[in-house]
Every structure is written in structure tokens, then in C-alpha cells.
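What follows is a set of structures for review.
In the two assemblies presented below, subunit A is common to both, partnered first by subunit B and then by subunit C.
Let's look at the complex of A and B:
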């Protein structure tokens, strides 16, 4: 049996999408050079921005997972009144541009009595590092939940039923059966969420600002350099961001497939 | 399945039709269009003047609005567009150094002047009356990022000249990423005061108040100037647009949005201030 035309067409589409992003990602090379990259890496401000980005993206991904796992599990396993409405509602934030989301959050924490109480008495989000984490969370949480729900959907509920008949509580069957079975999906969701958080800019800059050595993430630094017309730095910093993202992809994939699959 | 395929093809056809209706390539066959890259802050002025221009010359004006630096980058990468009007002359100097604008084709001139001022929340609840008040304990101050944003550079110079940079910096809770974001901080009420351009007040007089800085304390004022790009397709049309922006009727529009249109008006607020020159064409 030969290769079907459909299969050929599918591979062609795959090639097109790969080429599309490769073209985009290699283009900064026109504006930068290794020396510029090294210079950027030597700057205290950029090193700070890199560490801040990695730290905040990790925090927001963890928060997203802690809240997202139970939410996704409920959505995957339970049927309740108004579920369709809830699921539809959860899709809405995807339509809001991150910068608008950030301005909404800023307004909430400044203008709303509850918001300002939280901001002044509990955690300072406005113009502070927790604001970066919250902004990233606002942008990635829906994505995390969607991906987690799909992983849970892939685990047959029958496994849990069997565990329950063997005397496991609902929590135990979730912890010992469902969670391990969905492990790869969860790690994949975490990786994609982390990558998205790393690149988050709009909500972050609106809620946490672009304060040097305080809330200036790598994505904010890229924007600031663009705003100042420093194309060379934009290219250098974008390359750094891509390298970090690539490293994370390779590391997590190693973890997922133990090197058995590329 | 057949129903699904029919629906899918209907959606495809419909979206293709819609998309093509919106598709108006800038580099069309007709050169009778001026493509203007302009700082978004003065958008209302450019929109009004563009409408005048279109009705007078029958030539479409494509306004490409955004941050001055981002627009400069876009011009540099794409090498298309006829007119560049950044929010501050420093960008024009940069554009000239990079060969993006050509000062010999059209001598850039100041269209409107901007004076630094303290912008406070409506009603001035913290009773801020002078620059020194920004260093008072408990005042939350916002400034534009002093490294990358033009307004931030002016702010830093203003405070340093007056020996207040360190003292005010202790009260600075945020660096904003752009001029507009700096103004927004006060409108939303996220800070007590920002150092901004005087027009921030006129953009939103319901949400802010202005505290003029003592005239002798202002070392530098800014202005908006435009230039023809080095790759303009129809240089004459580009010059006509800039001429209209500098005309007496346009001056009325600028004034309506709070801009100073003569150096004298601006100097009345800042007599000692210098302004950034544009090479040998001086501002």
C-alpha cells in the first residue's frame, strides 16, 4: 500500500508551519550578532530580567497547576447544572487582550474596595513582583485548565471506578490512579503554560509596571527597547528568550520520554 | 458529514470574502495616498487633520499610530511610509542618523510644544503644589521609565537639575512603559502624581488636575516635529501633509487638545528651558 495523498498533504502542512516559525525566529539574526548577545548577557539589568522572568513564570505555572488540576478534574468528571455555561464563560478571557486584562486588574486593585483591601492588607500586587505572577496567571490559567482537562478526559473513568470498588476513597483514586495516568499530559500542560508565561507582556506591564530592577521582565525589556527604537537589543533579547524556551523544551521532553523519543 | 462539509465550505467562502473586503494593501497601484507613521498620543489631532487633507486634496491618508520608537523600528525594517511624526524630537534625530528621514527634502519644523508638569488626581487630594512636594513622605509617584521612554529622560533631567532625583526616587512606586501609560497611572488613581507632559491634563480633564512646575525649574521642553521619509513615494504629497499640520487651521486643532503651538507660549511656562535641536536645522 502506497502513501496516501492525504498523508502527503498532512506532512506538507506540517512542513509549512515549521518553515513559517523558523523564518520568523531566524529573522532577528539580521539585526544582531553574537557580540551583541554577549553584551546583553553581561548587563546587570538583563541578567536581572532573565532571572525575574524565569522565577515569576515558574511561580505562576505552579499556582496555575494547583488551582487548575482540581478545576480541570471537576470539569472532566462531573456533570452539574450550568456546566456548559461555566465552560463557555471560562473561554471568554481568551478573547481579552492581555493589556486590557492587566488594566482591569489594576483598576480592581486600586478602585474596588475589596481589591484595595487585598492589595493593601494581604498581598501587594500593584507595581510589585506578585503583580507579575498574578498577571501571568490571569493569562495562562485558562490555557492550563484546558490542557489539563484534556489529559483527564484521556484517562478512562472506569479505572477510578475499579479503584473505588477496591476500597480507595475518591481522593485516593484521584491521587494514585488518575494523576499518575495523566502525568505526561500534566507535565506537557505545565511546560506550555510556563512558556506562555515567560513571554507574557501586556498584562504584566499594566499591573506591575516596567520598573528597572524590580518588575522589568525579559518581555518588558524587549518592549522597552522597541519603544526606544533599539532594534539590535530587541533582536538580542528575543534570541535569549527563544534560547531559554528551547532549553526548557528539551529538558522537559527528556524528563517526559526519558530520552527514548526525541 | 455532508452537512458539516457544506457548513465548513460556507464559512470558508464567507471569511475569504470578508477578509478580502478589509484587505487594502498600502502599496497599491495608486500612489495617491500618504502613509503617516505618527505617535499615538496626538492621535485625535492627526485624525482631524487627515480628514481635512483628504477632503482638500482628494488623497487618502493612512495613519499608522503607535509608540514613537516602535514606529521608528517599523520604518527601519519595512522601509515604507511617507511621513514620520514622533512624539519627541530625539526620535527624529535618531531617524536622521539611521537614514530613515531626509531633512534636506523638507526642513522639519516644530508643530506643537510640550512642557513638563505634575499631573495629580482630580481635586489634588494630596495637596501637591510644587516639585519638592513629590519627595514628601507617603506620596506615591509614577514616572516614565527613565532609561527607555523619552518622557522618562526629561523627568530624570528635571529632577536632577533641581537636586530632587534621589529624594523623589524614594517615592517612585512604578516606572511606566510609555507616555500614555504614565498618564493612565493618574487617571486610574494608581499613584498620587506623575511627572508628565502638560497635555496629560487636557487629554482627560475629568480624571486629573495639573500642577504647573515653577518656570525657572524646567531645564528642557519637548516638541512634536515631523519629517519626510527617505523612501517616500510622493515627496510633494508628504510635504503637503506636514504643511497642513503646521498651518494656522491645524494650530487651532492642536490648541483645542491643549498643545502649545508657539515657542513663546511654551517659553512662558519655562523661560530657561532649552529644546533639542535637529542637527543643523535646529528646532
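Let's look at the complex of A and C:
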């Protein structure tokens, strides 16, 4: 049986998309050289940016998971009045550009009395590190919830029913049955959210600013170097960001599939 | 003992209505009925997985109607078995055993031995055959030490040969297991043979109601309504009473007059009736006088007809015979058919004892 034209066209599209991103990913590497990359890694400012990016992305991902797991579970398992409206509302942040989201948060903490109170008395978000975490959380949380909901949708509620008849409470059924059964999906959601947070720029720069050695994440460092016309540093930083994301992808996939699947 | 009284539950457009029955310890009640009649909903209401609007469920003398599923101690095996896919067989059983009350390791080992899953303990669930999954699901339900066991069509997911083997072989295994459990067992199925092999009593459901409940032999011999007769595979016709007395009722069915023994539950003024004849109770012959026993004043019914269709299904041959406006099906052995040379188009005589003709008031 021959291969259909549609199948050939589909593979062609796949090849185009792979080539497109391959070109994009390899071009910074062509701009830099290993010596330049090593120099960049030895720079205090870039080391600070790497550590700050990893730390803030990890914090925002953890917060997204802690809040996202119960939200995704309730959206997956419960039917309640106004559920469609709630789901539609939760889609809005995905449609808003991150920089606009950051400006909204900035306005809230500067202009809104409640926001000002929180910012001045409880946690300082504006132009501070917690602001990076909050900005990343604002961008990734809905993505995390959507991915987690998909994972919970894939675990039949029947498992929980049976667990209940075996003597497990609703919470225990969730903890012992649903959560481990959705483990792969949850880790996948965490990885995607983490890499998205790692590269977050728009909301971060709007809320936390772009102060060297203070709120300078890798993306902000790329922006600052680009603004200063230091293209070699931009290329090195982009390569570092790409390497971190790739390493995380490989590590989590190994964890998920034990090396049995790519 | 499980006692269900006046249970009512609404679920969308469907509702369970006034369900009442009891199941003694060590006894099995088989619940049968067509798809969508409410068998699964009934089990879920008893297990506490569905909300009950009114009525009570009493298990071991405790009213569990208002209790959450985890407090009811009711073992539940759903039709898809719902084994936890991220665990091995051992872990599936262990997770149930962790919460068990009144069941020791020795009891658990006996259950595992009895269900022949000793060799499967370290296997992952997805690597099991449907028959193995069924046994593991039952073991898991029993490992929690339930006070009652609910099995929702446990053989429905099995492939036909495994199902047949289980029907023939497991009736002993499952029966032995149920006896060992010494708790009430509720078992739903579509299959009449499975019901006969597993159950002590049977409840037939239709549209959220129990139509008839009783000993299996009793229900299979004396269906109480047209629905049950049809569900059990009887020949069912609409008829009209010509005459009735204490010993005999004459009924006209599609131009054919049949005599039935006694008058059953018919009141004197009832004229329109449903006539039900079990296919196994019809004997075929090539001559009129092959069977002619007298039963009081009623003779054995002998009808002449022409064979329309013959086909073999398992160990039985189904013969469809046109008698006047009626089409009757009879179950006979294929060897008997071959011996008599009965084929489509062949004129035959059908013999039905009067006592085997059920005359039911029309609903």
C-alpha cells in the first residue's frame, strides 16, 4: 500500500517545524564559541542570573502546583453551577500578553489600596524578587492548571469510587490513588511550567523591573545585554537558557519513562 | 445480612423506584435485567457511591444509608474491575488489606490461593488477561474484609471462551469463595446460565423497578409478567380466555386454542391474557400421537406446524415453527433433530404439557 499524499504533506510540515526551531536554536550557538560560553559562565552577573532564574522558576512552579492541583482536580471531577463561566474566565490570562499581565499586577500593587497594603506591609513585590515569582506564577499558573486537569481527566473516577469502598476517605483516595496514577502528567505539567517560568520576561520586567544583581533573571540579562548591543553575551545567555531547558526536559523524561521511551 | 427497603434514587432522567429485598449471609442474589434497567445504579446506591433519595440499606444490622462509602464495609467489583494501573497485583491487594478489619494474613493468603492468583502477585495490572483481572479485582474487594460483596457483571469483560470456562468452572470457585466469605453477595449479570450457576435467588429488574424476585427455579418456571417471560426467552403471545375452571383454562392465541392447567392468578373477569411457553418445554415429533399424556381434564397440547428456521447455538438447536399465525421457538438437542431429519419446510407436531403453559393477566 502506498503512502498517501496527505501523509507525505503531514511529514513535510513536521520537517518544516523541526527545521525552523533547529535553525532558531542553533543560531546563537553559531554566534558564540565555547571559550565565550565559559567566560559567560564565570561572570558573577550571569551566574547570579542563572541561579535567580532557577530559584524563582522553581518557586513559582511549586506555588502553581500547590494551588493548581486542587483547582485542576475540582475542575476535572466536579460539575457545579457556572463551571463553564469559571473555565472561560481562567482562559483569559492565557490570552493576555505577559507584559500586559505584569503591568496589571504593577497597577494593582501601586494604585489599588489592597495591593498597596500587601506590597508595603506584607510582601514587597514591586521591583523585588518576590515580584519575579508572582509574575512567573501569573503567567504559568493557568498553563499548569490546564495540564494538570488533563492528567486528572485521564484517571477514571471509578478508581476513587473503588478506593472509597475499600475504606479510603475522599482525601485518602486522592492521595493514594489519583495522585500517583496521574504522576506522569503532573511531572510533565511541572516541567513545562518550570521551563516556561524560566524563560518568562514580559510580566517579570513590568512588575520586578530589570535591576542588575537584583531582579536580573536570564531573560532580563538577555534583554539588558541586547539593549547594550553586547550580542556575544546575548548569544551565550540564550545558549545557556536553551541548555538548562534541554537538560530539564531530558531529566524529567528519564524520570517519567525510565529511559524506556524518548 | 443485607436488607434494602423502599430504596428510591433519582439520577438524571432515570430513577430507582421502591427497591426492597434482603440477602442472607452466605447467600447470593443475582440481579438481572436489560441494559439501563438500573442494576449498576442499585449497586452504587448500596455501596454509597450514589445518593439515595429515600429508603434504607441495612448491612449486618447497621443502617448504612447515611454513611460514606468508606464506612460501609461493602466490597465492590465494578464491571471494568478498575484495578489501579500504577500498581502491581500485590499492591492492589495490599492497599485494600491495609484498611481491612477482621481479616488476617492467613485469610488473605487463603483468598489468594482460592482465586489462583499466587503467581500473579508481582505482575503489573496491564499485563493481566481479562480473567486474571477479574480474579484480582475480586481478591482486592475481599481483602478489605467486607460485610457484603457487590459484583457488577464480573464476567462481562471476559472473552467468550474464558467466560464459558468461568461459567462452567468458576461457579464452584466463586460459590466456594462466597461461602467462605459468609456475607451477602449481590451479583449482576445479563446471562441466564451465569445466573443459574452463581445465584441462590434472582431479582429481575426493569426500568428501575424489581419486577420479580425469588428462587431461581421458581422465577425461571413461573414468570410473573410479560416482560420477565420475554427476558427469560419464553415464547410470549397475547391471547383471549375462552373458558376457565379450577383444572383447566382454554386460551385462544393467534387462531390456535391452547389448554393450560388450572387458572393460575387469573380473576374470573379477565379475558385478555399473555401466554408464555418456555422453548425447552416444547417437544417436537413427526407424528401426532408421539406424546399424549392426560392431565386431569386437560390434554397435552399438540399443534401441527411447519419448520421455518433451524440453527444451532452452543449445545442446543433452536427450531422456529410456524403454527397458524404463531411462530414458536423450541430448544432441542441437535442429535434429536438429526435423528428425526427435521429441516426447514418440514411439517412437524409440537407437544406442550398444559402445566407448562403460563397464562398471565395482561399488564
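Here is the rule we go by: the second predicted complex is superposed on the first by the 248 of 262 C-alpha atoms of A that agree within 3 Å, B and C clash if a C-alpha of one lies under 4 Å from a C-alpha of the other, contacts with A are read in each partner's own complex, and residues count from 1 in each chain.
As a working rule, a contact is a pair of C-beta atoms (placed from the backbone, for glycine too) under 8 Å apart; a residue touches a chain by one contact, two chains touch by 3 or more.
Keep in mind that this is a model prediction, so the values were computed, not measured.
K.L.:
Label the relationship between subunit B and subunit C on subunit A in the superposed model as either fit or clash.
P.N.:
Aligned on subunit A, subunit B and subunit C fit with no clash.
K.L.:
Output check: A:107 vs subunit B and subunit C. Expected answer is one of first, second, both, neither. What do you get?
P.N.:
The answer is first: A:107 touches subunit B but not subunit C.
K.L.:
For A:205 in the superposed arrangement: first (subunit B), second (subunit C), both or neither?
P.N.:
A:205 contacts subunit B only, not subunit C.
K.L.:
Touch test for A:164: subunit B only (first), subunit C only (second), both, or neither?
P.N.:
In the superposed model, A:164 contacts subunit C only, not subunit B.
K.L.:
Examine A:82 and indicate which partner it touches, taking first as subunit B and second as subunit C; both and neither are also allowed.
P.N.:
It touches nothing on subunit B or subunit C.
K.L.:
Look at A:156 in the shared chain and tell me whether it touches subunit B only, subunit C only, both, or neither; answer first, second, both or neither.
P.N.:
second
K.L.:
Kindly classify A:176 by the partners it touches after superposition: subunit B alone (first), subunit C alone (second), both, or neither?
P.N.:
In the superposed model, A:176 contacts subunit C only, not subunit B.
K.L.:
Students often get this wrong, so check: with C-alpha centres, what angle lies at subunit A between subunit B and subunit C, to the nearest 10 degrees?
P.N.:
150
K.L.:
With both complexes superposed on chain A, which partner does A:127 reach: first (subunit B), second (subunit C), both or neither?
P.N.:
Touch status of A:127: first partner only.
K.L.:
Between subunit B and subunit C, which one contacts more residues of subunit A in the superposed model?
P.N.:
Counting residues of subunit A touched by each partner, the higher count goes to B.
K.L.:
Rounded to whole Å, what minimum CA distance do you find between subunit B and subunit C in the overlaid structures?
P.N.:
29
K.L.:
Which bits of subunit C are touching subunit A when the two form their complex?
P.N.:
Residues of subunit C touching subunit A: 44, 47-49, 68-70, 72-76, 78, 80, 82, 84-86, 95-96, 99-100, 140-141, 144, 146.
K.L.:
Would you mind writing out the residues of subunit A in touch with subunit B in their complex?
P.N.:
103, 106-107, 110-111, 126-127, 205-206, 209-212, 215-216, 220, 223-231, 234
K.L.:
List the residues on subunit A that touch subunit C in their complex, please.
P.N.:
156, 158-159, 161-170, 172, 176-177, 180-181, 183
K.L.:
Under the definition above, what is the set of subunit B residues touching subunit A in their complex?
P.N.:
Where subunit B meets subunit A, its residues are 67-70, 72-73, 76-77, 91, 94, 142, 145-149, 172-178, 181, 184, 188-190.
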